[in-house]
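Chain naming follows the written order as A, B and C, and within any one chain the residues start at number 1.
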């Protein structure tokens, strides 16, 4: 039972990190990218490729993975977001990020293969048991990420600029802030954080090209549950999702995993659309 | 589509051309061509109404493939195992999917587009998960055989005729809906929700009605799909296929009926022609979608309209803004 | 045979008319003469991309090689064989569509494949209605039915044989009765669960633990612990996913539970070993493999298998990971068809069907096939031999599993 709890927490940590990444892009650009889960997928695969395939040392593999994540984030903003936000149609970025996510997932599947492959063991440690690093790595990474972001937003100038842009885009622009540059930066940050989460959870999920869609969906449900725009909400949502998944698999079998996940989402959307800690979604006029 | 006569002519020509092309496959006597044409026709029945939802009201439903699956299995179970009349089973499938559309839409249509897109994606994934798991109902991975329709629609040519007739009916319905006040209403909801509200158009209710209608049509398409394949298994309803429906509409252009039809035909024919490049199929769907969204958000419909109105476009730009000296002089001298 | 008779007298108008009218009648004669040298077309629907692509690619390799050998030997009935291959990408709708294309557009004489059971199911009705021989490459039992699909034959073992041979080894060889079954939740996993339980029940055994776990679940420790807690002394694994198999074996190893595992032949693939965190986890794993891959006491493969590998040794490299049996399976398809055509003396479907049903044994490197009017499966139970997974030799062969297991 304790094992189910721990694995649920670890999975929840990954979902929570994905939810945080959703928040990062949403706060500055009001964009929820379909490819958010794909940052983690790419992170995991590149990490496995660099360390196991090219035999780079672990720190180099981590750096390489983060760099690729940053580039991927930048590319997302450049290709799928920048031009699209110019047009007044709200829906287009949903389509463009979906398109880009599909392309990246397929490209990864074609290059890396469709079977999940092993992710390198990062620290010398006896395998197995409750304290296996595949459980505590994502949990620690999630805590660091949430904490680090809070420090960033509250105590650094750049972070406060992010907050300003997310509160009121027009006012920030009127004060001379380059919101376009902020947006680009937030996507780069999102890509890096996403890749980090994929690297940390790699031993849990394996390097798997399928992870993209699953994580985008699960991470979104976690974000919606916790309330988009709140880091605390993201973590809480992630943990709830993770534990729910682990326990229902344990008691009812794996067949109803997705059904339960969407049941949760439907419940949240019907009763409290802004989630546990979020602000009301739509401000009409 | 209402507009000056000059704009209507190319569309009438296109419609006539399509009507003629529809007659070709059975004339070739080649059962393979008839099969491909039948399947495209079945997909079109779903795409036509999905187009109203996605293209006209701007509601992004990505998981419509789930409704196709439910329609297909309902038909196979009712007409096959239980032994109902095929037409009744077909209608039952449509009604069931319409009800599911209602249940799914009620809570989620008030939410922002991304939320709804995610909900429908999850729905599509769940349906295939359940189709596999609920073996007592669906036979699980072994699947079920789908019965044919009674004569004269039993043979491949006959069935093709049935699909064409239903397709024509659905197209006519959508065409009229788009041309009527509903068309403007749907597009108002899509383009400016707040303005629509201020005019007394309820956006959520409009979207719900269209969603239910598209659900009904998807259910019908599902039953016909089952017959066209003669045997259905859960892995026939891939996410890839759902994506294909979606991309056809986007590249065809929102606010157009013919655009998505051309999009659907093109995207369906390409895999048949490029055999060895199969594995890049999904990648290309994504690439096409991205290209269209970035370059021609209005899809081919917009492209055609731009081309169609090309020669005339220049004239309106030619009028510059400058004082009309003659009138000014007249006004002054008349004072 | 249409005989044209031209009036032997001087060519008058009437004779010309008769000649003109008779000329089209002569065409069939000319056409059948041309047909006698036209190639025999084999349509081949194979999932070269998509799920289980590595397996299908190995099958395709064997298929093309068999075709080449027959052509090198002068072809069939004096006609060369021509393969028209279509990649169905593991999608049933494409399998159906391509099957129809091959049948109606390309006018093939027979259909080989598809290579996944899920794709075979919808094509059976189509090919039967078109009255062509179909040699399927899927293992699910329900695919073959000599009454419903009279022209369909199988070129490999049927899934039920894996189960009967494995259960026999479990009960008589390993002498264990507390069985835990851990399958995935794919179509095959669910079906396999039902089949294995059925076979066990016939022997009076009920599994102590059974689960269809999510095929993508990253960690299988929970399931392993539950099986252990239920008192299992042997574990059955019937999943086609190498990732899933590896994860269960990893969990078993990490929990230090040395329970014997019996799994589907996919567990024998090098790919699975590569996914294990330790090669030691591949020990105490057994699988119903094929006599064609079992080594004798000197470590040699059966002669027919070795001949095949030697003949194509420069090309087999990339396909070895899928298992020798996969290549030999594809090799079966043209060979079985050729045996039937040679005996029948024609490509006529009904004649070939009857010929295949009457040949006592078709001996192929994969194994012997014996079809009959009531049996279109053809592969004998003793063509399957339990082997130990970690006994994989560099030449691709395995050692037979010891009768009592490794202990």
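The criterion applied here is as follows: contacts are C-beta pairs under 8 Å (C-beta built on N, C-alpha and C of every residue); 3 or more make two chains touch, one makes a residue touch a chain.
It should be emphasised that the depicted structure is a prediction, and the values quoted were computed from it without experimental measurement.
Visitor: Keeping to the contact definition above, tell me which chains border both chain A and chain B.
Guide: Common neighbours, chain A/chain B: C.
Visitor: Taking contacts as defined above, which has more of them, B-C or A-C?
Guide: B-C
Visitor: Measuring from the mean C-alpha position of chain A to the mean C-alpha position of chain B, what distance in angstrom results?
Guide: So the centre of chain A lies 32 Å away from the centre of chain B.
Visitor: From the mean C-alpha coordinate of chain B to that of chain C, what's the distance rounded to whole Å?
Guide: Inter-chain centre distance comes to 39 Å.
Visitor: Measure off the straight-line distance from the CA centroid of chain A to the CA centroid of chain C, and report it in whole Å.
Guide: Centre separation, chain A to chain C: 42 Å.
Visitor: Quick check: what residues of chain C touch more than one other chain, meaning two or more?
Guide: Residues 50, 185 of chain C each touch two or more of the other chains.
Visitor: Out of chain A, which residues touch more than one other chain, so two or more?
Guide: Residues 255, 257 of chain A each touch two or more of the other chains.
Visitor: Residues of chain B that contact two or more other chains, please.
Guide: Each of 132-133, 279 in chain B touches at least two other chains.
Visitor: In the complex, go through chain C and note every residue touching chain B.
Guide: Those residues of chain C that touch chain B are 48-50, 86-87, 89-94, 96-97, 100-101, 103-105, 117-118, 121-122, 124-126, 140, 142, 185-188, 190-191.
Visitor: Under the definition above, what is the set of chain A residues touching chain C in their complex?
Guide: 3-4, 7, 11, 114-118, 121, 127-129, 132, 134, 204-206, 208, 210, 214, 249-250, 253-255, 257
Visitor: Residue numbers of chain C touching chain A in their complex, please.
Guide: Against chain A, chain C makes touches at 50-51, 53, 185, 211-214, 216-219, 221-222, 225, 241-243, 253-256, 271, 274-275, 277.
Visitor: Within their complex, state which residues of chain B touch chain C.
Guide: Within the complex, chain B contacts chain C at residues 30-33, 35-36, 39, 132-133, 135, 140-143, 145, 229-236, 238, 240-241, 271-272, 275-276, 278-279, 281.
Visitor: In the complex, go through chain A and note every residue touching chain B.
Guide: Chain A reaches chain B through residues 32, 34, 79-80, 83-84, 87, 89-92, 94-96, 98-103, 106-107, 110, 213, 217, 220-221, 224, 255-259, 261-262, 265-266, 269-270, 273, 281-282, 284-285.
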